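Labels run A, B, C, D, E and F following the written order; every chain starts at residue 1.
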Amino acid sequence: MQHLAIAPILLPLLAGAIMIPMDDQRGRLRAALGVASALGLLAIAIALAFLADAGDAAPVFVYRLGNWPAQFGIVLVVDRLAAMLLLLSAVLGLAALLFSLVRWQRMGAHFHALFQFQLMGLNGAFLTGDLFNLFVFFEVLLAASYGLALHGSGVARVKAGLHYIAINLAASLLFLIGVSMIYGVAGTLNMADLAARIPALPAEDRPLLEAGAAILAMAFLAKAAMWPMGFWLAPTYSAASPPAAAIFSMMSKVGFYAVLRLSLLLFGAEAGASAGFGSTWLFLGGLATIAFGAISVLATQDLSRLAGASVLISSGTSLAALGAGQEAVTSGALFYLASSALAIGAFFLLVELLERGREVGADVLAVTQEAYGGKTEEDEEEVEVGTPIPATMAVLGGCFLCCALVLAGLPPLSGFIAKFAMLDGILNPQGLGQGAAAVPPDGWALLAALILSGLATVLAMTRAGIRSLWAATDRAVPRVGVVEIAPILLLLGLCIGMTAGAGPVLRYMQATASALHTAPSYMGSVVPVDGTTEARP
Amino acid sequence: MSLVVLSWSLFAAQIMLGLAFGCTAWRVLHGPRAQDRVVGLDILYINGMLLLLTFGIRTGTDLYFEAALVVALLGFVSTAALAKFLMRGEVIE
Amino acid sequence: MNHLAELPAPVALLASALVLAGAFLSLAGSFGLLRLRTFYDRLHAPTIATSMGISCVLLASMVVFTALQSRLVIHEVLVGALVVLTTPVTLMLVARTALHRDRLENNPGVPRAAAPDETAEHPEAARPEGPPA
Amino acid sequence: MPDALYLSTAIGLPYLGALVTALLPANARRLESWLAGAVALLTLTMVWLCYYPTIAEGGVVRAEIAWVPQLGLNLVLRLDGLASVFAVMVAGIGLLVVLYARYYMSSDDPIPRFFAFLLAFMGSMMGLVLSGNLIQLVFFWELTSLFSFLLIGYWQHSAQARDGARMALTVTASGGLALLAGVLLLGHIVGSYDLDRVLASGDVIRAHPLYLPALVLVLLGALTKSAQFPFHFWLPHAMAAPTPVSAYLHSATLVKAGIFLMARLWPVMAGTDAWFWILGSAGMITLLLGAYVAIFQHDMKGLLAYSTISHLGLITVLLSLNSPLAMVAAIFHTMNHATFKASLFMAAGIIDHETGTRDIRRLSGLNATMPFTARLAMVAAAAMAGVPLLNGFISKEMFITETLSASTAPTLLHSLLPLGAALASIFAVAYSLRFIHGAFFGPTTGDMPHTPHEPPQWMRLPVEVLVFGCMVVGILPAATIGPFLDVAVRSVLGEATPYYSLAVWHGFNLPLVMSLIALAGGALLYRLLQRHLNAGIDGTPLLRRLDGRRLFDRVMVFLSWRFARTLERLLGTSRLQTQLRLMVCVTILAAVLALAPHDFGLGVLQLSPADPVIGLVWLAGSLCALAAAYQAKYHRLAALVLLGGAGLAVCITFVWFSAPDLAVTQLLVEVVTTVLLLLGLRWMPKRLELAGSGRLLSRLRRYRDFAIALGAGLGLTAISYATMTRVSPEGISRFFLERAYTEGGGTNVVNVILVDFRGFDTFGEITVLCIVALTVFALLRRFRPAPESIGVPDQQQGDVRNWMMVPAVTMKLLFPLIGVVAVYLLLRGHDLPGGGFAGGLMLAIAILLQYMAGGTRWVEDHLRVHPLRWMSAGLLLAGGTGLAAMAFGQPFLTSYFAYADLGWLGKLPVASALIFDIGVFALVFGATVLMLIAIAHQSVRSQRAAPTPPPAPQEER
Amino acid sequence: MELILALSIGVLGGSGVWLLMRPRTFQLIIGLSLLSYAVNLFIFSMGRFPVGRPPVLEPGTAGDPAQYADPLPQALVLTAIVIGFATTALFLVVMLAARGLTGGDHVDGRRQDH
Amino acid sequence: MRWLLPHPVVSAGLFVFWLLASRSVAPGPVVVGAIIAVLGGWALALLDPPQVRIRRPGLILRLLGRVFVDIIRSNIAVARIVLSRRPARRAGFMHIRLSLREPHALAALACILTATPGTAWLEFDPEEGWLLLHVLDLIDEAEWVHIVKERYEAPLLEIFR
């Protein structure tokens, strides 16, 4: 049973490792392996979520790799937050993978292996309880994301990929600087151990620790695309192949996850002199990101750029909500995170179907192509979609509408519940009717930001939707396969499910937020107070 | 007495090697042509390796021998690759 | 450095001499690399370091460790062997490169080919360098 | 309980119907309309079932379904008098509209979609009026916006429909967001979103400091939805919708949602000056403006649209008056307006349907060709104009009475009210006359696309029903509508319900005089304007410039182009340099901000004495680094060599401070990196130093960058120096030192950490390497070089065999030698410096050397490396070691260590960590070779450039 | 001694940051390499640069922390080196692909200014 | 035997290398060394290098001694040139026509000439056998030709025949 904690990492790893030497003749086997692994991950994630939700605030599993005591070896920690993110990444992974089966998997080499490693990296980042191991998993997921971002090659992807990689390499260096500073001052890498050490830190060492945390945060915030470090996101995501972009909708959440986990664990209420460190900046950065995302959303004419800009808004919203520092807002933000990740994933997949028919190989320089051996790859392959769906435009339109509704936070889908939950949390931090204290100014700012960004999204989505679905009447109806639309329907169906089942889902989120805001329960179960240097069992 | 002599000679030797390192680095810096830099780098590696060996003597551990071995082997590979690039325009044809 | 105190005096003195000689020769070679005026001249300087310089230091190391560990320690030979084996390769390649580039740029005083020809029969001494590339 | 069932059916059934209809085939028009009609009828029945006896007796039906109880958001279905009036309108007129649409819609249109949207809209409207929770109300509020958007844009091929739909959605959804904010404030003030609790908290709300913001936000929602000035402009453009939609949404339901909301919250939010001023001024302007503009509309539906705007303004003014009697009038006029306006829209639709045009200028003499329809339209129009004995008259008279009684109040607006009312009534008569006179009278030979004739009887039936209603209510108000109105009013006003009389005749009083003056004045005005109107000029006199649509478009364009694009350019960038610069600056700022509040200083640790050797090495190393930075633009090779110099300094430093493992690894990596970069240099463009790079601007940029770089460097120095002068914390490293040998079985603590204590990191790290190699391989398979670098480099004259003959001998000999070193590093790693990573890289270098010596083809004729297999095997081996532990019931990667006694050979240390390390070795070797070979292959590919596609540089050979 | 190392970290880091902000891809890659040297040394420096401590344990003993260097930063540096190596290789190849597809070596594609 | 040890000399070298590197002659390292030596030989065989046949071990030793002496001598000479303030010397290129063609022998000669400061191997023309040398102190060209041809080439010709 314990081993269930590591399964989300091992399963894709082994699947990926087996796929590496398979050549294109074994494409079907490779795809089957990939789907099997994704399904397995989904099953595991569901099981973990149920197990995590069954217990109290403490993590359900603390898996000690190599059987070393937690603060010396590396631990994986499964709590509600981790389980929820695992589930999200499993769902998005499955959807993106299914979508890719029709044609994107053949647009370049090693797609399936890279995809599995991507999932492994994501899962590892969510599970690990060790700061440096988090770096390693960040690198795993980033490396795979580089591969997926470049999957299919072409000018746009390579140009955007270059920026993406350069910025993330720089961010990784910041990560290392931050982690090592923290180690240099606190002498540990285990997050829980670190949290336990911070309150007792000598005053003269505190500035260094906080500076380290600030630098570390920059690495995360660059990945979460906080303004002004997120300009890479929209070009990269919009240039990436749709399945990659869909799974990337989880990637920007990783940065947020790290900030969430660490800021609440290390600088929560129990952190002594460091309590609440940086939350103001987080809040301001989040607001700036929302503003910039809203501006980008308004400014863009392109569907996939629109999707990218929506990621910015979503990131900014999560960050600002976290910066607000209220448990009630955090739970709303978690709900929002899940809902927007699903919708953005679906939107990226959908955009490709809507824009299908653009020439694939057009972006390769014609001159070199001729001189360099011509059409060597599968560039010119016909779009063969399998069984096409009926009433294509109606289905696509419906899906677009759903995505737009979730992203804009309009009823009736989960985006509305999410925004409402956050706004309610801002206005009534103690709960509705529980002492109507005056709302602080930052509450008003967040409220305005959420409402206005929703408005901007409505405007942009309406414009884009009308242009691509209604105005283009003379265009040929794209051929869309059942396998392609199914994942989109799956993701949007989950959004609908999150609306209908908002009560239980939000209850899970509230339990998660409450556990996050009470760091000692996490600390206590990861690093037991007594057995600090206890020998290997 | 002999200990003092040896210590000081090791120290002096390391200073000399450090100076040699500096001289070579200057050649690498100054060029003027690529081939000069490549030769410079080769010797830089040799100087570095000698530093490691003297350091090994100074500390009395032969654990730095591997590092020296690797320097000897790899300094060659990188300078050979540089030279090959200069000579043929690409490292692997 | 208390471990060095265990060394017998003659060994220590021998090692000192060898280390100093090796370091000095290496410094001389590097200094030559700095000082000599043409590339082809400079090609010679480092070989002082790669031959005697290294040998002396390696010998010193062998002596010291043999004395310290009271058994024959000669694995340093490997380093020497590797250097002897590899240095020519680098230098040959670099030299060949320099020749080739000088020829391409028609720098005077460089033999046109491996075989002797009329103009290069009696090459003069130090040639001026070509312009930096 | 049956009440709850009825109410949830009333909301759920339309949605269910919508779903079923959407799935029906496109040609099943009859079935679809029957289904829709049945749904509407059933919905109406449900309301009816609740109405009697509970509502009729002044009760409230309430059902609660748990949804998100934590947030105070439950599905609360609540039917009272006010809601039932609206619910009946929604379901009843819905039923009529379905019947009408059955004949109106053409078979070319996608009928299932139409009915699906219509039913969904009906459901949303029902949800709105039945909401017992404010958030739920907003929820359905936005849904009505959404489905109205879909209905307006139903004929999506028409640009007008698209623009109209977009405008409607933009305005109403924005208003909805404002409403959400307002409702949240109300919830905050009251402590609940439940309507009953909110309605009970009027005093608290009005006294709260947040009252005004909440009021403004709520009213923003109401006014946008009800098309009140200045948000009125969307409604005329929504006329691009099919006429049944206009009849339904734009007379009876959607636009009344705002009225509903204002009436709903009237008990708790009205009664203040702010309420009066906002609503009074907006309503008054709308009333007059709408009526005035309506006169000059040539499109029948346009006329009706502006008239609707005006009537909604009327109702708004009534609501603004803070008087219970005005409230009665407002509700009454709402009902009346719904009946006559819906019938008028339907009539206009019939005319459009039968003649092919709605242009009043083209229509003529329909009184003769379609007499029955004409009579119906005339009666409805008369109701609209406020002619006595029709329902419009009664409510309008109540309106005038209220304005007159309000005019005694102190403010200017109050005193202007009767004047406005009179003027608006005159306009109303004028446009009603225009509607009738323009279309039905005059010569029968208009220039109409079709020859006009009466519509099918069933298509006329809804109009007949509604007109009948107008007349009945107009003649016998108290007997027909009275009870319903009373229940509705009581549900709003409760105890404060005033006495009012629904009589047709109140005696010859001032209001009646004003009505009569209005009728006469309107007729006169129409007569005066007839010349102008017959001239057929587009646009409204005096208000030509006030084109809401143009303004809207300008705002939209400004928002997305000028504003958003400019801001995006200002606040964002697409340039990598700027992005990286920002990142560095933000990080520096973050660190400074974190350090600044404290007094950040050095620690107390005794510094170790400076070693001049390291000083010399670093003098050289620093110079190399600086020179590399300086040279990297024009002298790439020089920069590369200098980078090597700096790397060597790092390596020596590692040795100096007791980290031989790091030194070895650093060196290996540096060499492979150098070779990789060299392999890449071949494809880079030639770069010549250009004059003129010293422009002032670029010089300034460089100074700025220099300052940033200096800051970053100083920052790193300061932090590392400050840390090094501090005492080490009592950290976790003691554990590693103490257990490395006793429990990890190795003396090289670093290696034991890497393969055991923190083996999982290593596992991840080799995965990274593996991923990168795969990516490199995939990317290079589609590599296209720039045209000018395809050719063979000019240095390559003569055969490589010849040139490399002597060096190649040595390089080949080195192959096994380096291989042995690789194995050596691998096997001893656990105890001494070395390890799988170093070994793997070493072996890759051995292969690389052969490629350098012999060229790609030669090597591949002799050697078969299968890098992908090595990688896979390595990863599986490393992973398998971890899994093996699981088989023994231990966590993943738990190490096992023992000495196997091999007799005379001695004891062989068997550590699972070694197997793990072998996995690392294989993977690193495979990945490195794959990358090197993949890049190297590009030269071969380019030289083979030929019509036949070259095989991809697969791993075999 | 500490100051020398801190300064060299600063010089490496500063040069790297300078190159990071340059317009050519090759400058960027050299810059990233220099920066990763700086960062590796920086991580290493967080173990407080012990001078003259033995790098490996005496066989059969448990190490005394006062006698040995802090091994953990070293292990971290090793991981960082490997990952840095991998990413540098990847960046190189992307740089090549960009060069091939855009025809230039500007970080933003074909931009010509400075 | 051929298949087991295709390159016995190299295998022997590798075996010695291993033992030296392991710093031990215990049975364990010996066995591993033997395995590695065999594997190394096979690896080299993959590359299909020309077979080396080395004769006259005595001559090899004599040559090594001679080279050793020369290295010391030329080290001193070159060090003097480098360090002297105004060196009286004439550096220059010179051609020597070699009879050696065997690659290993040429490689050995290159090692010798490189290891001896003062002479630098620049270019070799395998067809005609012309070797282009650079000599730091080219006072007597004939003397250098003699050294290369007689002192080094002749024994090498004997050894690699």
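As a convention for this text, a residue touches a chain if its C-beta (ideal position, glycine included) is under 8 Å from a C-beta of that chain, and two chains touch if they have at least 3 such contacts.
These figures come from a predicted structure and were not determined experimentally.
Note on interfaces B-C and B-E: more C-beta pairs are in contact across B-C. For the pair chain D and chain F, the distance between mean C-alpha positions equals 74 Å.
One inter-chain figure worth recording: chain C and chain E are separated by 30 Å, centre to centre, where each centre is the mean of the chain's CA atoms.
Note on chain placement: the centre of chain C and the centre of chain F lie 15 Å apart, centres being C-alpha means.
Inter-chain spacing, taken between the CA centroids of chain B and chain D, is 60 Å. Within chain F, contacts with two or more other chains are made by residues 17, 21, 23, 107, 110-111, 121, 124.
For chain D, residues that reach two or more other chains under the stated contact definition are 574, 576, 580, 584, 615, 621, 640, 656, 660, 681, 716, 719, 723, 726, 728, 731-733, 736, 758, 761, 765, 768, 771-772, 775, 779, 782, 784-787, 794-795, 803, 806-807, 810-811, 813-814, 817, 821, 832-833. Within chain B, contacts with two or more other chains are made by residues 14, 17, 19, 21, 24, 26, 31, 34, 38, 40, 59, 62-63, 69, 73, 80, 84, 86-87. Of all possible chain pairings, those that touch are A-D, A-E, B-C, B-D, B-E, C-D, C-F, D-E, D-F.
Listing the residues of chain E that touch chain A in their complex gives 20, 25, 28, 32, 35-36, 39, 42-43, 45-48, 72-73, 76, 79-80, 83, 86-87, 90-91, 94-95, 97-98, 100-103, 107-109. Per the touch definition, chain B reaches chain E in the complex via residues 59, 61, 63.
Contact residues of chain D toward chain B in the complex are 612-613, 615-617, 619-621, 623-624, 627, 635, 637-638, 640-642, 644-645, 648, 651-652, 655-656, 660, 663-664, 667-668, 670-671, 674-675, 678-679, 681-682, 792-796, 800, 803, 807, 811, 814, 818, 821, 825, 832-834, 838, 842, 845, 848-849, 851-852, 855-856, 932, 936, 939. Partner chain D is touched in their complex by these residues of chain E: 1-24, 26-31, 33-34, 37-38, 40-42, 44-65, 68-72, 74-75, 77-79, 81-90, 92-97, 99-101, 103-105, 107-108, 111, 113-114.
Listing the residues of chain C that touch chain B in their complex gives 1, 3-5, 7-10, 12-13, 15-17, 19-20, 22-24, 26-27, 29-31, 33-34, 39, 42-43, 46, 49-50, 53-54, 57-58, 60-61, 64-65, 68, 73, 75-76, 78-79, 82-83, 86-87, 89-91, 93-94, 96-98, 100-101, 129-130, 132-133.
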